[in-house]
Amino acid sequence: MAADTKSLYERLGGADVVASIANDIVDIHMANPVLNPRFKNSNPDELKILVRDFFAMGTGGPNNYKGKDMLSAHSGMNINETEMISTIDDVMVALDKNGVGQEEKNEVLAILYSLKNDILHV
Amino acid sequence: MAADTKSLYERLGGADVVASIANDIVDIHMANPVLNPRFKNSNPDELKILVRDFFAMGTGGPNNYKGKDMLSAHSGMNINETEMISTIDDVMVALDKNGVGQEEKNEVLAILYSLKNDILHV
Amino acid sequence: MAADTKSLYERLGGADVVASIANDIVDIHMANPVLNPRFKNSNPDELKILVRDFFAMGTGGPNNYKGKDMLSAHSGMNINETEMISTIDDVMVALDKNGVGQEEKNEVLAILYSLKNDILHV
Amino acid sequence: MAADTKSLYERLGGADVVASIANDIVDIHMANPVLNPRFKNSNPDELKILVRDFFAMGTGGPNNYKGKDMLSAHSGMNINETEMISTIDDVMVALDKNGVGQEEKNEVLAILYSLKNDILHV
């Protein structure tokens, strides 16, 4: 990785691709029976903006994220491992759909996994 | 059961015992690591009143329940089977603590189980 | 319940009905995606006999059960609450299919629930 | 990653470190209450050899693995997401304990995640 001088955000394809990935993640989550009960009271359009901005920030892109930190965002939800794996699966499908390569997928996986303690059972 | 002319509410011991059971259920839930993330934003005193009145109503006692129906109350929470079993376990401990007999415990279990489709994954 | 002088086994309908319930339980389990990985190496006919004899024994019928005790039978399987609830659901469907009444269903539920500590996470 | 000419096996530290990681993984699993019911009938020493050889093979080291393929090894176990996440966590602890760096940890995570469909619910 040391040889890469581009951020993950750039290697994903920048603003347009990240926005497209975020839109796809939300759409796939909302069609996923393991996850969609969680989104019953969510506005998909607002959610897409939050996901886009969080994804950009977390991959070394611009920092416009206006949402809560991960721990506050998930506090009281008691999210379990089945939901977390299903979420990661959906993200991987969205990355595939947007032509992201294996190495970048692995980096996104590692980032998602690193957020685990602020998401699961909190 | 046909020979019983008393309601389950009366056989549990009426208002005082049901209020005590409800208090114990909420206290036990809040100390239960499987469940307590769900109660982070709950007021225990308000919850005890809701549980007491729901329990009274569901066992043939007075109907003063002011809360939501079960489906509305749990909608968006994506409650899973581990949480449901842990909830039932806590209720059984609270019944034991209040001297409830095996037959009445079985009836409460059957009532809780009958609520399953309005609670799990909704 | 005090007024009942008949065993649960008799009230379920005796040997023929219990055998039919056991056959249905195994068939329903094997078609249930939550449970069927567990039965990949099982012989359905042998399993039906074990379930029939265990069910008979546990409901006050004849004791011909040749299987392991519940703890030994499930040791090392790490069965979880989702599987247990799904198992109970299947049993309830089998009871409905065989015309079993609500009170007897509740008694079977209580018996299954009482086995929990010998089945879950052992 | 393109700049690395060494295999992950070499970058982990080769045979001695991989053997140490494998030993630690098995010890940590066997002390983990989420996982240890699965190992009730396992021989830890045999398991350590299998894990060592599988790990070596999967990271580009020598191929001496004598065990079953992943799908056959887990068939009938109905392993769930909680167990899988707990397994990955244990592996990460074992990697930390053996001084493995963040990039190599991410690569191991990606390999483990890629095995998911041969392990979960099969």
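Structural remarks
Letters are used for the chains, namely A, B, C and D, taken in the order the chains are written, and counting of residues starts over at 1 for each.
Going forward, a residue touches a chain if its C-beta (ideal position, glycine included) is under 8 Å from a C-beta of that chain, and two chains touch if they have at least 3 such contacts.
From a predicted model like this one, the values you see are computed outputs, not experimental measurements.
Touching chain A and chain B at once is no chain at all. In whole angstrom, the spacing between the mean C-alpha positions of chain A and chain C is 43.
Rounded to a whole number, the gap between the C-alpha centres of chain C and chain D is 37 angstrom. Each chain gets one centre point, the mean of its Cα atoms, and the points for chain B and chain C are 26 Å apart. Touching of two or more other chains is recorded for residues 80, 82 of chain C. Taken as a graph of touching chains, this assembly is arranged as a ring, one closed cycle with exactly two partners per chain.
On the chain D side of its complex with chain C, the touching residues are 35, 37-41, 75-78, 80, 82-83, 121-122. Taken in their complex, chain C has these residues touching chain B: 1-3, 80-82, 84-86, 88, 103, 105-107, 109-110, 113, 116, 120.
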